[in-house]
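We call the chains A, B and C, going by the order they appear; numbering starts again at 1 in every chain.
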Amino acid sequence: MSEADATGGFGGAARGDASLSGNPALVGQEAVRLEGVHKSFGVLEILRGIDLSVAPHEVICLIGASGSGKSTLLRCVNLLEPVNRGRILLWGQDVTAPGVDENAVRRHIGIVFQSFNLFPHMTVLRNITLGPIRVLGVPRDQAEEAGRALLVRFGLSDKRDDYPDRLSGGQQQRVAIVRALAMRPGIMLLDEVTSALDPELVSEVLGVIRELADAGMTMLIATHEMGFARDIADRVCFLDEGVILEQGPPRQVFTAPVNSRTQQFLRRIVDAGRL
Amino acid sequence: MPVRGSRGGTYLDQQTLVAAGAPAPGSFEGNGRGSHLLGGQRAAAVSTVSTVVFIGGVIALFVFAPGAAAVRHTFFNPQQMKQAFLGDPSKGLYSVGKGLILNIEMFLIAEVLILFFALVIAVLRQLRNPVLFPFRMLAVVYTDVFRGVPLIIVIYGIGFGAPALYIRGVSTQSDFVYGIVALVLSYSAYVAEVYRAGINSVHQSQVAAARSLGLSQWKSLRFVVLPQAVRTVIPPLLNDFISLQKDTALVSTLGAVIEANRAAQIDSSTLFVYSSYTVAALLFLCLTIPLARFTDRLIARDVSRRMAGGATVR
Amino acid sequence: MRKTFVLVIFALIGLGLTAVASSASPASSSKAASAVLTAKASSCSHASIARDVYKIGSLTVATDSPAYEPWFSNNTPSNGKGYESAVAYAIAKQLGFSKSQVKWTVEPFDASFAPGPKKFDFDINEISYTEERATVVSFSASYYDVQQALIAMRNSRIVKHHTPADLRTYVFGDQIGSTSLAFINTELRPTQQPSVFNTLNDAKSALQDGRIQALVADTPTAQYISSSEIPKSVLVGQFPSTGEHYGLLFAKNDPLVACVNKAIATLKANGSLAKFQKEYLGIYTSVPTIKP
């Protein structure tokens, strides 16, 4: 783990279940902290000063209209997009500083996208063990052992040797989550993981996320599933045109939003029958 | 599962078009709609009759044309075809069959080297590391140059140029070696582009997914992108290799490699008949047709797989 | 509907092809038709010849391009210089054609023996007579008796060592389509396969670069190459005759052959051929012979 040491070492935390996250908690540290993060694509400024901190074990849901910048924010945290201004700290360490090994940072962050997640040329088990074997250097038999255990735990053991195109969308997304977990990340970033799914497949995926939350996984979740956000989130952040307009416990944001834009957004959601 | 995204669109669409537009074997009207309208049986009857008429016409041409006997003597003389196939040293006749072994050898050796070398070129063009910039430039120049220059000139340039340089180790190789080097240089430029199209056809999200696991750029390429890219490009690659099989014949211009085509040329000019060419053509067909059918099968399989997938994640 | 249409098209194509094929012989060449009438062509009067030629009123003579020295001069067959050019004009004269009635046309060697009507009356292109070739085309009597000769670079071992046993150890090369290649394979029988090039020029550059050690060509060509074309090369010597000779190439059973043979016999008898050989190939008389 020499690269991890070089970047100062990243600590994750697991409240109830140590098996899901491998890194020991750094007590009192914020898991993630964003300070004045700006991100533009050309002249288009997508994130316009994001300040956000995520405590260990905290589950934060990002809500907001399409195009408001939720995905961009998550991609910035994972260093898939370089930020233009501001800092991002993971467990107290500035990962946007020059010279940081982004691969070392990423192995502590699990991310699941809306779609195109799984590697179609690999079986489920190979998808899951690729990271541990090729990035963490875990011996194959150990990695497969751990992978099998995770698959059993999330009810996917019979799919172990299938290729992704034989799986339903819900199963694929669950495998994608398991694959991220196999890296024993300190934090999980979930980007609308159910929005490409047929409605009847949504709940099985949400069930898995709920399980993670119960296990104490720190999570940053971009979602359009408001009911789910209300259930699971410790805190809800409303993102609008690149800034966090309003945040707070779900009860407050959903039932008594302060900001008029938030009210507008939620009214549209209610009208659409999605809350 | 639609893992191949829009960036590879044009390239893949071409393939799909080729596959979709190819007529069904054994009928001149591959369009299933037509047979529906006419009724399957009648369509089958019509296509049979038209096939018979066509083939019959061609045969008639070779049997009844005024010059048919001369053409048969020159092109299809069984005695001389046998002689050309086996060769006859006492008459100065070369064996086309033996020559073909050289074609196959050159093809196999060149193919392996091309697959490897082209991959290196394609990957070099793909890596965005600034340290590698000069190599990237070199790769671009290389593909531009060798795709543009006709193979025969490359063969001449290497086979006649290298010995004239009098460089130890370089200038004393055999024509066989020079020929293979020329084939590899020329074909790698094409194949590198095929690889590149394949790499670009792998959706960006796959790269993102790989990088997000902490895989380096190289490892993402190695374990995630390339395996998928190679799978996509196998049919077009095989296509290139069909023409490589034929182009091995050009190496004979260097002199010392008496492959099938050159042997046929010599036999033809010795006996004043073209039957030896017929033998060479038939032998080349024996090599290329199986590969062509195999390619068709792969394309068909690829198409049906892509049709079957794509249902799960929207 | 569409099927019927397609069928009709096929039928039409079939008919068309047959029509073209059956009309081919009378229309395209009076020569092909007259080829059958060999017996009739015993008269070699200019009048009867001029009616039977490829283009009425002229004698069409073919050769390849480039036309090599010393058989031609300056790659210009029509200048009457060079051995073959001179012979062609002399034969034409015997047949009653004036110089201006001789028309030259380019015929690649490979095409000269293709089946179908010929586009010339005869082809003069250093083509050796062989029995097999004569089953496809007709040859005139010899207008030049060929001996093969050996060219090598001046400092090569072969210059001093060329016993039959020595000769088997060298790397030879030649141009495709030449009987010299057959000579190498059947008479010299080297252990290493000779290289075969598209053109004589490729073979020459291979000799210069040391990719082959020796080149075999007919003696006049060999002498020209060694004296004028490849610096530091020498004509090692010529081989004894194998009875090989050059003949004019005609369409199979062309009645003109008999008349041309008469003309050649006359030119031999009156010393014209010897005179041309002295004039154009004359510098090549004193060549050492390599003992077989």
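FYI, a contact is a pair of C-beta atoms (placed from the backbone, for glycine too) under 8 Å apart; a residue touches a chain by one contact, two chains touch by 3 or more.
Since we're looking at a predicted model, the values are computed, not measured.
If the chains shown are joined wherever they touch, the resulting network is a simple chain of contacts running from one end to the other without closing. Chain pair with the highest count of contacting C-beta pairs: B-C. Legend note: the chain whose CA centroid lies nearest the centroid of all displayed protein CA atoms is B. Centroid analysis (C-alpha atoms only) places A farthest from chain B. The distance from the centre of chain B to the centre of chain C, each centre being the mean of the chain's C-alpha atoms, comes to 38 Å.
Mean C-alpha position of chain A lies 83 Å from that of chain C. Look at where the CA atoms of chain A average out and do the same for chain B: the two points lie 47 Å apart.
Taken in their complex, chain C has these residues touching chain B: 2-4, 6-7, 10-11, 13-14, 17-18, 21-22, 24-25, 109-110, 113-116, 130, 132-133, 135-137, 173, 176-177, 181-183, 185-186, 193, 195-198, 202-203, 205-206, 209-212, 252.
By the touch rule above, chain B contacts chain C in their complex via residues 28-29, 34, 38, 42-43, 46-47, 49-50, 53-54, 56-57, 60-61, 64-67, 70-71, 73-75, 89-92, 160, 163-164, 175, 252-256, 258, 262, 265-266, 268-274. Listed in rising order, the residues of chain B touching chain A in the complex are 1, 3, 5, 203, 205-206, 208-216, 219, 223-224, 227-228, 231, 308-309, 312-314. Across the complex, chain A meets chain B through its residues 75, 78, 80, 103-104, 106-107, 109-111, 113, 115-121, 130-131, 134-136, 164-165, 167-169, 172, 176, 179-180, 183, 196-197.
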